[in-house]
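Report on the structure given below.
As written, the chains take the letters A, B, C and D, and residue 1 is the first residue of each chain.
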Amino acid sequence: MLVVMQPNASSADIDRVCEEITRQGFKPLPLPGEVRTAIGLLGDDAKVDWSYIEGLPGVSSVLIVQKPFRQASREWKPEQTIVEIAPGVRFGGSEVPIVAGPCSVETEEQILTAARQVKAAGGVALRGGAFKPRSSPYAFQGLGKQGLELLALARRETGLAIVTEAMDERGADLVAEYADCIQIGARNMQNYSLLRHVGTLKKPVLLKRGMAATINDLLLSAEYVLSEGNPNVILCERGVRTFDSATRNLFDLTAIPVVQKLSHLPIVADPSHGTGLRDKVTPMARAAVAAGADGILVEMHPTPDKALSDGAQSLYPDQFTDLVKQLRTIASAIGRSITSI
Amino acid sequence: MLVVMQPNASSADIDRVCEEITRQGFKPLPLPGEVRTAIGLLGDDAKVDWSYIEGLPGVSSVLIVQKPFRQASREWKPEQTIVEIAPGVRFGGSEVPIVAGPCSVETEEQILTAARQVKAAGGVALRGGAFKPRSSPYAFQGLGKQGLELLALARRETGLAIVTEAMDERGADLVAEYADCIQIGARNMQNYSLLRHVGTLKKPVLLKRGMAATINDLLLSAEYVLSEGNPNVILCERGVRTFDSATRNLFDLTAIPVVQKLSHLPIVADPSHGTGLRDKVTPMARAAVAAGADGILVEMHPTPDKALSDGAQSLYPDQFTDLVKQLRTIASAIGRSITSI
Amino acid sequence: MLVVMQPNASSADIDRVCEEITRQGFKPLPLPGEVRTAIGLLGDDAKVDWSYIEGLPGVSSVLIVQKPFRQASREWKPEQTIVEIAPGVRFGGSEVPIVAGPCSVETEEQILTAARQVKAAGGVALRGGAFKPRSSPYAFQGLGKQGLELLALARRETGLAIVTEAMDERGADLVAEYADCIQIGARNMQNYSLLRHVGTLKKPVLLKRGMAATINDLLLSAEYVLSEGNPNVILCERGVRTFDSATRNLFDLTAIPVVQKLSHLPIVADPSHGTGLRDKVTPMARAAVAAGADGILVEMHPTPDKALSDGAQSLYPDQFTDLVKQLRTIASAIGRSITSI
Amino acid sequence: MLVVMQPNASSADIDRVCEEITRQGFKPLPLPGEVRTAIGLLGDDAKVDWSYIEGLPGVSSVLIVQKPFRQASREWKPEQTIVEIAPGVRFGGSEVPIVAGPCSVETEEQILTAARQVKAAGGVALRGGAFKPRSSPYAFQGLGKQGLELLALARRETGLAIVTEAMDERGADLVAEYADCIQIGARNMQNYSLLRHVGTLKKPVLLKRGMAATINDLLLSAEYVLSEGNPNVILCERGVRTFDSATRNLFDLTAIPVVQKLSHLPIVADPSHGTGLRDKVTPMARAAVAAGADGILVEMHPTPDKALSDGAQSLYPDQFTDLVKQLRTIASAIGRSITSI
C-alpha cells in the first residue's frame, strides 16, 4: 500500500498516518518527493483498513498493492485448477467441454429430446433451468424440484453431466442432490449467504459474473466459496451491462485471458446470454474458444419458437451441430480440443 | 407492442407473426409502410412472450409499449404511496425524514452514542448494519443478532426508528422482529427468493437500487415484494457503476424524478454510498433534497477514524448537524420540510 | 509513482526496472515487502513514461501518484479562477449566472423573443447554436454565420452575453468575433486541434464534458486550452453515457464537488442535455445549484413545439421563469445568489 | 414510428398528435388498446421530427422504427462493400488483411525496421501515427509531415499500404497525399467537420468507434462520410469505456456480427487499443478473426521498450510473427484466409 499525501500536507499529517500504520501492525516508510510525500507500507496489506487511512487529514489517495482475493489468485496457487464435474468432463485442462441445453426445463419430452440432440452433436453436459430468476414476478419461474428430476432422468438416458442453477440455500441443497454442478446466476453473484452455503457443499460450482461486476469482484465472490472449503469453482463470463442497446449485454471476452493471468480457476463463456441474440451466438462462441475459454455454455432448444423463456437466443439443433464442428477446428488451431466422452 | 418486419420480409413471414400473435390470444394489426410492414398488437401486452416473436423469420425488432411492472406503476395506482415505518416517520409525503447512523453496529457504546447524536441533530431514524455484505469474505461481517439487539436498545433509549439490512431469509425474519424497516442491499436487489420472502412479512422494505440496475429493473424488483402482498416499499438510489474512478459510484439523482413519474412508491437517496467520499456527502445530500428525494440516508459515525467499515464516507457528528440545518433550508425552498418527531 | 513487482520477480527484473527509472532521470527506491517488492520513484513523475515500465518483465502494475494535468489543478493555482465573459457575468464566484436560450438559432423573431424572455426571467446570458453537431448528416445543421449575426443582434437588443458553439477552427474564429464565450461541445472534447486553436484566441471557452470522459480527461482537455495561453476556461457537466435508457444521459452532479476539489476552474451544469427530458430539467437544475454549480445552462424556447431541434428538452418560457425563482431560493440556502445585471 | 399515449391521455391529446403527424406530411393511424392508445405513422419516418412529438401533452413515448442511417445500411445496399486501399489489400471480402506497425513514427530506422518486420511476418499494410491525439498536451504529439514522408519511404521500400491518422482538415489533406487510407481516431468519431471533409477526399477512410459510441452512432458517423460522396469507409472496433479497470477498454467483439448484419461496410478490429495490454493482444486478435472481423490492426514495435508511446501494448516482432501464423489457422477454420500480396 502507498499512502499519497496532498502537496500541502503538514508534517503532523504525515506523522499521524505513520502512527496509524504502526497502530495497525505494519511498518510505515515515508518517501519525500519534490511535490509531495508518499508513505509506503511494508507487509501483507490485504489486512489493512485502508478506508480509515484514506479519510485522514492531508491524505490525497491510497494505492492498494495487494490483490484483495487470496485463494483464488495464481500467486496463492500457481498451477491451473482443473474442475471435473463428472467423469471426463474437465474444465481447465487442454480439453474444452461444451455444455448446452434449453433455458428452462419445460417437459419430459422437451428435455429428453434436447439432451439427445446435445449428446448427438458433441456436447458433454446438459444445462437447463429448474429454478429461473426472472426480472418479472409474472414470468415463468421454472418447474422447481420436478425440473431437477427431469434433468436427472436425462442424465440416466444420455450420460450427460447436469449443470443447473440454484437461487437460494434450499434450492442449492436440492440441486446438489440431483445435478453435477451448481450454477450461481449473475444476479446472485454477490449473494454472499448463498455463496457461503454452496462453499460448504461437495459439488462443483459454476459462478456467473454479475452484470456490473469487475473481474476483481468476480474473484472475490469465488473467494467466498473457496474460503468455506469448496475448491471446485468454475467462473463464467456472460456479458456485462453497457450503454448500447444493440445487444442485450456486452460480452467481455478479454475477461478470459485476464482471469487466466490472475487466477488458477477455469473460466468458461456463455455467448447466449453474452449477446442475447441467436445469430450472434455462433460467431461469439467461436471467438470465445479462440480467446482461450475453458468451456462453452450454449442455449439450444429442440423448438426455440415454442420455448417458455429466452427463445430468441436459443440455437436450433442444426445450428448447434454446425457450431460444434466449427469449434473443433478453432480449438485445434490453438492446440486444444473439444471434449468428447 | 409493435413488431417491425424487415424490408425484405415475405408475406408468409408477416402471416406467421400474425398467427403467433393470435395464438397468444391477442389481435394483430398489420401496418404496411413504404419501406416495410409493422404489426401492431392490441391489448395488454405485458403477457405476450415477445422473445419468441423476436426470433421469428423476417422480424427486425419488437417494440414493447406496456411497462412490464404493474402494481409498482402510477398507472396502477395514481396516488402517491406513503410508507410510515414508525409513528410520524413517513416517506412519500411532504415531509422528508432523515435516516442516519454508522455503517455497522460495532459496540453498545458506539451505537448508543451515534443514536443520541442522530436524534440531537434532527434525524428520525437510525441506520446501522448488523449483517454486512462485504466484497471480501475476510472483512468484518457484522455482529448479527447481537447487533439487532443493540439497535433495539438504541430505539428504546432515543425513540428513533430502526432501518437495517437483511441478507437472507433467516436474517430477514430476525430483522423483522427487531427493526422497523428491512433494508435489501444493492447486491441483493435481484435476489428474488429474498424479495418474495420479505413480501410475505409485515414490515416495510427499503429496496436499494442494484449497481447496474435500470429504473425498470428496480421497479420490477419492487413488484416482487408487492406481488406477495407487502405494499410498503421504499426505493433507494445509491449510485450505479460507471467508468470514472473519481467517485466510488455514479450517484444518479435524475432517478428521483424519473421514479416519481413512473411509480407511486417513495424514493430516497443515499449520498454516502452514492459518492463514497465524505466531503461529497453534504453537497450531494443537498442536491438530493433539491431534486425531490422523499428521504435521505446518511452514514454518520461518532468517530469515523475508528469505524470498522466505510469510515472514509461517514460524516463526523458535527458535519451531520450542519447538514441537517442546510437540508431544512433546501426543503423549504421547494415547499417541503424535514421530518421532526 | 510506485512500480509493483510480481511476487516471483527476479532480482534481475528489479534491477532492470531501477535502471530504467535511472535512465529516465529519476531516483528509484526499492521497497522489499513480505510477498513482493515495490519500487518507489522520487520526483515529479508526470514526465515518466510509465507505459514502457509497465511492460517490463516481472512488473505487476504501476501506480501513478501525480495527476497528469498541471495548470488546471488546484495544486498549481490554489485560488479559485473567476471567468468573466461580459461585464458582471462571472463564473466561479459567489454569484451563479444563468445562461438560457433555444437549442438552435432559427429566425430573427425566434431568437429575439427568446432573448427577451431570458432577460425578463432573470437570465444573464443567451445560448443558442449557430453551428449544430447533429448525429445524423440529414438533420438541421444550424444557420452558420447568419445565426451568429442574429445572436449579436439579440445582444444589442437585450444586453445579454452570448455563448455559442464552435465545431472547427474556422467556426471558432467566427464565434470569437461575434460571441462572448466559445462553447466546445461534448463530441469535440477531445478534438485536440480545436482545443489548441481556441487556446490561442482571446475569448473565454466553455468546455463540455464528453459522453464518456472521466473528470481526469475533462481536466486534461482544459489543459490543452490553458497550455496555449488562454486561462479563461469554464467546465460544464452535461451527462455521461450509461446503461439505462430511462434518460438520455446520466447527469453526474457529483462531478461538481469533485472538480471543485481538484481544479480552480469554474464548473457549470446543463440539466437540459444532462437529462434530455423537459420535466426533469427543473428538479435537476435545482439539484445542480444545491450541489454547488457555478452556473446553469438551460434550454428554453419561445415555442418548444415548433423547435427545429431538441424541442422535447426545452422549457416553456413560463417554466423557465418559475425555475429562476426556485433557483434564487436554493442559492440563498447555500450562501450564494443568482447573478443579476 | 409509433407514438404511445399515456393511459389517461384525452382524445384532444390524441387528435393533436395526429394533426402534428399530418402537418409533417405523414399519415397517422390510431390504434386504440385496452389500456391506452398508440398512434402508428406510415411512411419513411427517418424525416420525422420525433423530439417534438415526444414533448406533446399525453405522449408517453415514441418508438422509432426506421434506422436513422441510410447509405450505411444493408437495406440501402444489400451486397457487401469491399474497400481496396491498395492493389490486393481488400477489406470486406473473404480475405482478411493484417495491418501492423508502431503506435508512432519515431525515426527512419525505426519505421523501416518495423515495416520490414511487418512484411516478413505476413502483414500487408503498415500503421503508424504521424499526428498523435494524446490525452495530455505535454506528451509526444508525433512527427507530423516528416512522419508522413517516412511512411511513404517505408511504402517504397516494402510495398506495404499505409494507414495513418488525421486529426484535422489540414492534416487530412496531407495524409491523403502520402498514405493509402486516412484513419479517423476514436476521439474524433463525432468531429463532423472532419468527417465531412474526408468525405470529399478520394482516399478510403478507416473510422474508429468512439469510446462511448453505440453501433448506431458509428454508422451515423460513417453516413457523414458517405453522404459527401466517399463510399470507401472501413469501420473499426477498438474497445469502449467500461467500469472495470482490469483492461484499458472493453473490447466489444460482438460489434463485428452486429455491424455485419446492419451494414454493408467492412469492419475490422484493433485488439491493441481494445485491450491496452500486450499479453491480451494475441488471444483477442484470434477471437476477432474467429468472430468474423474483416481485418486486424495490431501495434508492433521493433523495440517496444523504447517506444515513445503505447509501448506496453505493442507486440514484439517475434510475437507478431507467431500471431500471424495462428490467425492463418483460425481464418481457415471459418472459410477465410489471411491476405498475402
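Rule of thumb we're sticking to: a residue touches a chain if its C-beta (ideal position, glycine included) is under 8 Å from a C-beta of that chain, and two chains touch if they have at least 3 such contacts.
In UniProt terms the chains read A, B, C, D = 3-deoxy-7-phosphoheptulonate synthase.
As the structure is a prediction and not an experimental result, all values here were calculated from the model.
Chains that touch both chain C and chain D are the following: A, B. Chain centres here are C-alpha means, and the one lying farthest from chain B is D. The centroid of the Cα atoms in chain A and the matching centroid in chain C are 38 Å apart. We define each chain's centre as the mean of its Cα atoms; on that basis chain A and chain D are separated by 30 Å.
Chain A and chain B have centres, each the mean of its CA atoms, that are 26 Å apart. Contact of a single residue of chain B with at least two other chains is seen at positions 212, 240-243, 245. Interface of chain C with chain A (complex): residues 2, 4, 6-7, 29, 31-36, 38, 40, 42-44, 63, 65-66, 75, 241-243, 245. The touching residues of chain B, when paired with chain C in their complex, are 212, 214-216, 240, 242-247, 250-258, 261, 274-275, 279-280, 283-284, 286-292, 326, 329-330, 332-334. Residues 46-47, 49, 51-52, 54-56, 68-70, 133-138, 167-169, 171, 187-188, 190-194, 196, 210-212, 217, 220, 223-224, 227, 240-241, 278, 304-314 of chain A are the ones touching chain B in the complex.
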